[in-house]
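Before anything else, here is the set of structures, which you'll find just below.
Consider the two complexes below, in which chain A is the common component and chain B and chain C are the respective partners.
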Partner chain A sequence: MRARTAYLADFLLGSVFYALILYVFVQLWSVIGRTRGFVVEGFGPRELVWYLMASEAIMLGRARFEQETDEEVKTGAIAYSLNKPYHYVMFKLASYWGETALKMALNIVIGSAVALAAVGPIPVSIPHLAAVLLCTALALTLNFFIGMVLGLSAFWVEDTAPFFWIYSKVLFVLGGLFAPMEIYPDALARVARATPFNYVLYAPARLFVQFDMDFFLSTVTMQAVWVAVLALLVTALYGMGVRRLNVNGG
Partner chain B sequence: MATIDVCGLSKVFEVREKAPGLAGSLRSIVSPSVREVEAVREISFSVDEGEMLAFIGPNGAGKSTTIKMLTGILHPTGGQASVLGVTPWEDRQRLAGEIGCVFGQRSQLWYHLPPRDTFELLAHVYEIPKPVYRDRLQMLASRFGLDEFMCTPVRKLSLGQRMRCEIAASLLHGPRVLFLDEPTIGLDVVAKRTIRELIRQMNREEGITVFLTSHDVGDMEELCRRVMIINHGELILDTSVSALRRDYLRFKIVRVRLADAIDGFEMDGVAVVKHKRTNLKLSVDTDLTSIDEVLAGLMRRTRIVDITIADPPTEQVIADIYGRGRSEALEGR
Partner chain C sequence: MRTPARTAGFVWEHFKFNLASAMEYKWSFVSQVSFMVLNDFLLLFFWWLIFGKVQTIGGWTFADVMTMHAVLATAYGLSVSVFGNVNRLARIIAEGQLDYYLLLPRNPLVHVLISRSDISGLGDVVFGLVAFCLFTPATPGRIALFVIVSLASCTVYTCFAVITGSIAFFIGNAQTISAQLVGALITFAGYPGSIFKGLVRAVLYSVIPVGFVIYVPVSLLRSFSLSHFAGLLAFAAAMVCGASWLFAAGLRRYESGNLVSARI
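And then the complex of A and B:
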């Protein structure tokens, strides 16, 4: 947390970008709502703005840890990460949560302010928000393990930047960043729901805008399953990767 | 039981080779060419508690690979090793609490934060109780002279200051063995002397076993009683520093630039390696004559404008050792 806020202006500037994106989409959905008056599966312009506020808050609130492993393997700095009495992956998780918690808190404040000013409030309750918080925490943990699977490939390929670029684009589409699955064509929505990506952005954002208990229970169950599967995969990849590690730089 | 025990340790790396140009890049995708590099070849040695050992060799000799296997970072291809009774690569996390590491070319300090923040994090990582941490930090800060920049971001520190922080960070949890991989690389003469004195003090006062790799012969000469030389992955010499100095390092290379040209220079124990007008390169056998006497002899002839005194390159020492025959050179302590 301290390292990320060492340059406070830099840290806060990221949230300015978030506010800008929200403003642009607020204008977009407001115009569409006024001229076409559409509502799809209960998602009108107001719901879409709040949906975007939530999905973008998560998308931009995630700590960008992915290429640290890549960088550490390339420079040989991984030597210092591996010779400490902690598990490397767990340390990365703790570090990820330190930065993510800060960024999410800031994004929620800024996003809520922009959305409130643009379209007004949506109905929420304390139990509803607690459920969304749990779902979001699982979503961010799921994002960590997906990122870690990609990051650990650095033990084999050293440069993982292309994988992370692809992942971020996949999140745009299959994660439901800009619009909920309800607006997607059926076939695409089915594909997206079969992947873990929709549980990173769509599920918590949808829950926030349209809470229902059945959806909450099925979502957190699937998030927990995906986290467990990916955690096992990360454990296996880490064990294999560490054995074949070639520390660069002498 | 020895603190460090190594038996037949080997490490082979696979290096992908690519022919130059675009055609070479495409060919390497379809049919990659892999070359095996034997970085360490069946080395065996042991180190006792409290010993200060120098593990020297030229670039690419296998020094850093060996130290990384002993700290559990790399898995060996063959052989065995134990550090404080633990196989490093099998029980790395348990061993990490008992050893400290400094890799001279890398940093464990958080770049944008002051050293104090890194020390605090390490206190949590190593689960050092708060009162113990406070006392330990105070002692290390005073010993290493860190107080003046404890609150300055690491990115603003000089290399010498940073290295003092690195070594202090590696000692914070009171390790029993300290692995130093080229700790004085890039430092000036004064900073090197400071670092060496600090390491000597910690060894004397806390009985820490020090395993030092370097290709700076000065690190070896000033810190250690025992030296091992590795080249091309093989241990070619394991002897005391005094024996090494006596047998191999008694020669010094003296380069002088004189105010006026002289016709040659003759003195017992001095060989003229190169002589061009006012520039002289001499090899001085310090067993037969001292540097003082050589300089006095030169100054009787003319003024000295510039002078450099150096040890022969480690590569030359090792080449000399090879020249005398491996079987003759390999000896116990």
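And then the complex of A and C:
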């Protein structure tokens, strides 16, 4: 956290983009909301803005560790962590959370201010917010393990950057970044709900706007399952990659 | 450079060299280009969803929005693939890395911009052309106009990025402010212009020239107007003059760095 706040002005300016996106969508949803025929079950323009506030807060609040991992694997710098008294993946997770926690806190403050000023409040309660916070923490951890699977693929391919472009677009499409799945055609919504990506953005954002205990319980259960599965996959990939690194000499 | 033709030749030779260099790493080259095409097509998903529910957004049809994305991708892709250092100018200036270019008998601004290529930009260009032909009523005349307005749009975008990068000559570390201004331009350029009103709209035609990067090209492709076309070309020419002048003015304040770097 200290490393990330060393250049405070730079860090704060990074949130300007988030405020900008929210502003653009406030304009967009207010125009579309006035259009005849635009009806989304349970979501008016106000709910759509708050949904985006939550989903974008997570999307832009995620620490971007992938480029670093890609470089460390490709240059062989990862070898320096092998003799350290920590596990590389756990070290990355701690570092990821240090930055993510700060960015999320800032995004929540800025996003809430913009959404409040633009469309007014939505009804929330403290227990409801605590549940959303838990769901968001699991969502961000899930995102870390998906990113780590992609980052560790640098052991086998020259460049992992394209995987991350596609991942960000998959979050956009199957994660429900800009719009809740209630807008999606039924078949596509069913596909999206079967993937882990909807648990990164859609589930926490929907819970924030429309809290529902059954949905909360099923979401955190599935998030925990996906985190466990991906953590095992990351452990396996890391083990195989490190063996490959030894063979090539780093 | 004495003539525009010689400058164009210099730019072309550099681009060919950068392209050949990128193609040495085949997986990286193919994946960057093809994944960027896929990446851009996935961006259209949101509009497909929205236009499944409404006919127009503030007067913009699905074809207009597709034209907007096609022009933006083509202009941006051309800019970063030919002038690959365009979004790194603030950093290059702040770190004193201009020294190398100042020692050579070429225009240092052109030379620094073309010294690098972002090959993924070629994917944007492919996407732009394909999306324009697929989703809008494309005729030979409209395709020719699309290419011309995209070149003008690319010029405005590149000059705007040079202007924001040149702020580094005056305030030192300008990487964040430069990235934010360019990011703002790209963000606004991805949504129909009609949703922005009042002061914001005025800003989008002046301080952050999104209007000339996207909205005017889209309006020309929707219904051609000679005066708007001339206005776009005049604005692009003015941006070239403005960016060159600001860079030259900044260069007089430039202080060499002591960072040791190797150009391989």
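Here, the second predicted complex is superposed on the first by the 239 of 250 C-alpha atoms of A that agree within 3 Å, B and C clash if a C-alpha of one lies under 4 Å from a C-alpha of the other, contacts with A are read in each partner's own complex, and residues count from 1 in each chain.
The working rule: a contact is a pair of C-beta atoms (placed from the backbone, for glycine too) under 8 Å apart; a residue touches a chain by one contact, two chains touch by 3 or more.
Computed from a prediction, not measured in an experiment: that's the story for all the values here.
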First, second, both or neither for A:Leu28, with chain B first and chain C second: second
Touching partner for A:Arg243 - first (chain B), second (chain C), both, neither: first
Which of chain B and chain C A:Thr75 touches, first, second, both or neither: first
More chain A residues in contact - chain B or chain C: C
First, second, both or neither for A:Pro85, with chain B first and chain C second: first
Chain C-contacting residues of chain A that also contact chain B: none
Of all residues in chain A, those that touch chain B in their complex: 2-3, 6-7, 75-80, 82-87, 242-247, 249-250
Complex contact set, residues of chain B against chain A: 13, 59-60, 63-64, 68, 71-75, 92-94, 96-97, 99, 101, 103, 105-108, 110, 112-113, 117, 125-126, 153
Residues of chain A that touch chain C when the two form their complex: 9-10, 13-14, 16-17, 20-21, 24, 27-28, 31-32, 35, 37-40, 157-159, 161-163, 165-166, 169-170, 172-173, 178-179, 183-185
Complex contacts: residues of chain C adjacent to chain A: 25, 27-28, 31-32, 34-36, 38-39, 42-43, 45-46, 49-50, 52-58, 120, 176-177, 180, 183-184, 187-188, 191, 194-196
